[in-house]
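Two complexes, one shared chain (subunit A), two partners (subunit B, subunit C).
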Partner chain A sequence: MNFDPFVIPFNIGLYFILIYAVVRSVIWFRELSRPDKLRLQRGFFGRAFGQSLKEIFLESLIHRKILKSNPRLGYMHMSLAFGWFLLILFGTIEADIFGERHLNPPDRAIFFRFFNPDHGKTFFESSYAFMMDLILAFILSGLVLAVIKRFSSKVVGMKKTTKLKPLDKVALTSLWLIFPSRLIAESLTSGAYGTGSFLTGSLGEWFASFLPANELAYPFWWLYSLSLGTFFVLLPLTRYLHIPTELFLIFMRNSGIRTGDRPGTYSEVEVHSCSSCGMCIDVCQLGFSAGINTIQATYLMKGIRNREELHDIAHNCLMCGRCDQICPVGIEISPIRMIVRRTEDIENVYESRWKGYLRSRINVVTPRQETGTSYDFLPVRKQEKTDVLYFAGCMTHLTPSIKKAMVRILDASGLKWSFMDEDGGVCCGRPLMLEGNDREARELINHNSDLIWKSGARTLVTSCPICYKVFRESYYLDLEVLHHSQFIKNLIDEGLVDLNYLQKRVTYHTPCELGRRSGVYDEPLEVIKHVASLEATGYDNENSLCCGGSLGNIMLSREKRQKIAEDVTARLTACSPDSLITACPLCKKTLAQATSTRVMDIAELAVEAIAAVPEVKKTRRGVSKKKVIGETTATI
Partner chain B sequence: MDKFGFTLSKARVIDYEANDRTIVDYIIEREPSLKLCIECGCCTATCTTGNFTDFSLREIHILLKRGENEQVRQKIKKCMLCGKCILVCPRGVNTRNVVSLARQAFRNTEGYEF
Partner chain C sequence: MGKSVVVIGGGTAGMEAAGRLAHEGYSVTLIEKGEEFGGHLRDWYHLFPDRRSSDEVLAYLNNQVSHQNIRLLKGQRVTGFQRKGNEFIVSTGGGDTINADALLLATGFDLFKSQRKEEYGYGIYDNVITSADLEMMFRKKDLRLANGIIPERVGFLHCVGSRDEKVGNIYCSKLCCVTAVKQAIEVRKMIPSAKVFCFYMDMRMGGALYEELYKEAQEKYSVSFIRGKVSEVAVNINDRLVAKVEDTLAGRPLKMELDMLVLMAGMEMSEDGIKLADGAKLKRGENRFFQPADHHFGTNIGNMKGVFYAGACTAPLNITETISHARSAVTEIVNYLNSEK
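And then the complex of A and B:
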């Protein structure tokens, strides 16, 4: 037998998807910016290529990251992806070794048993058939999990599963049909010829005992081919496009391309790479503490793909970064969300060619009508020369105990320092940026930068992680920016302050902006361990929670914030510590309203532990402080 | 009127002719907590912008409800969205969203330059 019409649907699907992949890649490549094009070219011919192949194997086939954090879910993904890959690979080899000739077209390998029904008699042949059966069984076990997950997601250890759109359902059904129809088709053929191994062989034997196996096999071969063909043709219109795009994403990422702050090819590839695995749903506190189940990353990706209304999804998010951290595909979720927030005034008009198969994106910018600058009321201020400049930040002004603690620590250090926003100051600009108002934020940034430059300081210390992040990333400064936890750590290391050990058991809440957002984990922990006994909470470092007060979310009501905060404090004070320590004034304020345990900032803890302050240092600072107050009050 | 020692402070006159509730309705539809505001002024007392100008969020809320949108339009751009006011508001008004929605309302409503 050389040809049978049943292979036609499969072939149509296969060649369609291959051509589609080429055309899509060319379009995406063309839309890349020039530097990114160069990066990608270099990535393809350099060391990054091997890295990409390795990553594709580990993440797209084995699904190592999912496997690590959720073994059952990981097994499900692995068995489908890796199993299918093995089936194709060994199927091709099988057709090559045992087929009539070498280098067969793909349909020969996929439908090998149909074209070679009596294959599998000799020992070598039958051991090969055994292996093929094993792979099929491996896939089918994953498929069973997938089907169960669809109806009850708890089985794979997940709380929620993603919702589907109609076309996805058709594609999903055809995907589900592929392997069972292959099993039955192979079994029936094997049954008729007495071949096959432990799975197809025994099943076939049993079928053949009461059914006309040979006649029945044919329709199932058709079904197998049809479901493959349907799945391939629908693939570009559904979420399953993530299977090929993820490969593209891995190559681009390893070539050094990043999301950036404007819409572009990379973010589009990321959006299409989301496998809807749902892991971002499970970690989102808005879901499990506040009952908001419509805004998680997977819905953002789906919303962008289907061009839905995005305002609420984009804005009702704490920007805590927990989903960025967990996403097994490595999608930079928060930068994408920021792009959506930033480009609200930009209308994305899609030209739909061939009913959505190839969309090209045109950005139409609706120019905002400007009515002069917003913050032209800001006065020109003077700033004295100093070594260390302290910026408390708006939130610290609302928590005076932190401010006082920092003033004491700075005094005790004996360093020459100056208080930049002693009488209020100007916001650092990050709250505006989080709303996508970069242009307005720039005015505040310029104002503050001016003062910082004037001070001639070598170190800028801030008490607020929100300010810390924006100082480091969006200001053009030529000095060292430290969060006060880092500053205190340096003081301890250099012996500039002596801290006693307090008989206290404490837990630590890592602020999102300091931890996941800025990567500062160790210094606060070291300071705490230096003065108290620190208990683990199970929500440490990357796995930390958001207090719920985040300025990243402009929509969240106070009640929901309170719910999140109560949930967080309950988890962090489960071991009934003496104090709950944090390193952010906003976290402190939010958490303190939700628990009876004392919530302290790390600076307050350090001040409690400060040993006697040497007299000399006190007087030196006493003089300079007067000067600071005198100057700043005079100029404002 | 002057003879009797009475004057009518202009700030207290509500001009019903000019009362245009489109902006405040736009905001309340999306952020109902604006209705909870008791105009206590805590937000104004803590305001970062208020440190430099006479900008007052309490005043903005009153003007919005009175429909004096032109005045709101001129002032609303001064807020820095810093969020201090949310933390001090005794009524749980989501003040940042009120400001953000007001700006959005001006942008999306015909007849306002913003």
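And then the complex of A and C:
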């Protein structure tokens, strides 16, 4: 037999999806910025290619990250992806070795049993058939899990699973039908010819004992081909587009392309790479503490794909970055959310072409009122020359205990320092940025930059991780920016302050902006361990929680914020520590409202330890020591 | 007759109600967690609006409770109560149980803990004090800064922990405005050279003779009233407080140097009251105070049969209102006990 009409649906689907992939890749490539095009070309001929293949194998097929964090869910994904891959690979080899010719068309491998029904009589052939059955059984076991997950997500260790749109359901049904129809088709054919191995062979034998196996097999081969074809044709319109798209994502990421702050090819590839696995749902505090279950990353991705109204989803988020951390695909969720927030004054008009298979985007910029400089009223401040410049920031001014502690520490260090915003300064700009108002933020940045330049300082110390991040990333400054936890650690290392050891058991809350957003984990821990006994909480480092006070969300009600904060403090004070330490004025203020345990900033803890050391009176603007912190701590 | 009532809380409401119930012939047990009866009244110097001494009111209440039908228990905390049939069994921290036919909760209020508004610097800067701290200074007749110097510029900050959604209290504590006016006058009387400022959102002078007192403060005692809330407090190089405030009537930001800042702490449901309420599943309103059966004609009646409320455990009330509320609670209890024969 060389041809049978039942292979037509499969072939239509296959060639459609292949051509579609080429067309879509060309469009995506054309829309890349010039530097990103260069990165991609460089990556294609460089190390990124090999890295990508490895990563594709580990993540797209084996699903290593999901396996690590949730073995059952990982097994489900692995059996479907890796199993299918093995089935295609070994099917092709089978067709090549045992078939009539070499280099067969793809349908030969997929429908091998139909075209070679009496294959499997010799020992070698039957061993191969055994392996093919094993792979099929592997896939089917994952499929069973997937079906169960759809109806009861707890079975695979998830609290919630994602909701589907109608087209997804059709695609899902066709996906679910592929392997059972193959199983039945192969079994019936095997039953009729007495071939097949432990799975298809035994099932076939049993079918043949009471059914006309040969006649019944044919409709199932049709069903198998139709479900494959339908799945391929619908793929670009459904979430299953993530399967091919993730390959692009991995390659682009390894080539050095990042999301950036404007929508583009990479963000689109990321959005389409989301497999809706739902792992972001379970880590989201808005979900498990505040009962808000509509705004999680997977729904944001779905909303962007389906061009839904996104305002609430984009803005009702703490921007804590826990979903970025857990995403097994490595989608940069927060930057994408920021893109959606930013582009609210740009109307994204999409023209859907070819029934939604292709699209063109027209950006309509809504005219903004020209206001001129909106911060004319800011006072002019004369900034004196200094070595260390301290910027407390708005939030620290609202938590004077931290400010007072920092003044004490800076005085004790003997360094020449100056308080940049002692009389209340200008905001660093981050709250405006988080709301997507970059232009207004830039005015504040320019104002502050001017003061910093004039000071001639070599080190800028901030007490607020929000300021810290923005000074490092959004200002163009030629000086070292330190969060005060890093600064205190340097002072300890340099011997500029002597700290006692306090008889205190404490836990530490890692602020989102300092930890996940800026990667500062070790220095605060080292300072704490230097002066007190630190207990682990299970929410350490990357797995830290958001206090709930985030500036990134202006939609959340006070009650829900309070619920989040109470939930967090309950978890962090479960071991009843003497104090809960944090390193962010906003976290401190938020957590202190939610617990009876004393909440302290790391600077306050350090001052308690200084207080035990006899104080040497130093003037605030004292003569600087020879060693200046900026020169000696360049290793950070 | 021969029925018994347990009154929990020996402040103004509890004492007045216990006295009245005893006069009606019931045997009353009045339980107070502190070492003395009198509640918050004992910390106060003069009462608004007429600046009579709080000791006079305290003397009246002490007189009320010295009655043969009243058993006074002080230094005892009620840990919970149970209703069995028509009887209540009240357990105290000492392990004792007291039986009663009706229960009157007069658990009162706690002052808002001003540390929660860290931006005002209470507990951080020595000369930021609360209205309650100031009354203690008045009682000792010794109004000084932490370093012993007489203050020359004193600020009063209204609505600390009241009408403030950020701390979860959207309600008005309603006494702090008139207390600030009264205290401003007291400061001016004690230190005639002092300059006194009140920072307010609205002046809520809705009681008998309140408005007159407010007028007196402005005309006779030259207290400056500035409409605007302080945003943050710092100290300058001379160790003087600097309050950032916006004068919303003049429409300009101000930085005021002050020697002393008095925080007009609001009233919150008492923590012990919350424990009792949650233990016995008594309803509480959104403001966390006990929620009476009806806000018009059932303000003393609880959602559990035989449980009654009196005083500031239902809402912020002043002394006059508390005494009236305690008397109406007595009427309700008498009605209830008569119908439960």
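FYI, the second predicted complex is superposed on the first by the 611 of 636 C-alpha atoms of A that agree within 3 Å, B and C clash if a C-alpha of one lies under 4 Å from a C-alpha of the other, contacts with A are read in each partner's own complex, and residues count from 1 in each chain.
Rule of thumb we're sticking to: a contact is a pair of C-beta atoms (placed from the backbone, for glycine too) under 8 Å apart; a residue touches a chain by one contact, two chains touch by 3 or more.
Computed from a prediction, not measured in an experiment: that's the story for all the values here.
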Notebook entry, point to check: Once the shared chain is lined up, is A:558 touching subunit B (first), subunit C (second), both, or neither of them?
Noted result: both
Margin query: Looking at A:34, would you say it contacts subunit B, subunit C, both, or neither? Reply first, second, both or neither.
Written below: neither
Note to self: Let me test your reading of the model: by the given contact rule, A:435 touches which partner, first (subunit B), second (subunit C), both or neither?
What the structure shows: first
Margin query: If we overlay the two complexes on their shared chain A, which of subunit B and subunit C does A:400 touch? Say first, second, both or neither.
Written below: second
Checklist line | Residue contacts on subunit A - larger count, subunit B or subunit C | finding: B
Margin query: Quick check for you: in the superposed arrangement, does A:589 touch first (subunit B), second (subunit C), both or neither?
Written below: both
Next item on the list: Pick one for A:102: touches subunit B only (first), subunit C only (second), both, or neither.
Entry: neither
Margin query: I'd like to check the shared interface: which positions of subunit A are touched by both subunit B and subunit C across the two complexes?
Written below: 397-398, 423-424, 558-559, 589
Item checked: In the complex, subunit B residues that touch subunit A -> 31, 33, 46, 48-49, 51-53, 55, 77-78, 80-84, 86-88, 92, 94, 96-97, 100, 107, 113-114
Next item on the list: State the interface residues of subunit A toward subunit B in the complex, per the touch definition above.
Entry: 345, 368-369, 371, 374-375, 377-379, 394-395, 397-398, 423-427, 429, 431-432, 435, 437, 440, 444, 549, 551, 554-559, 586, 589
Checklist line | Residue numbers on subunit A that touch subunit C, as the complex places them | finding: 397-401, 403-404, 422-424, 558-559, 562, 589, 592-593
Next item on the list: Could you please specify the touching residues of subunit C with respect to subunit A in the complex?
Entry: 116, 118-119, 121, 124-125, 165-168, 232-234, 244, 255
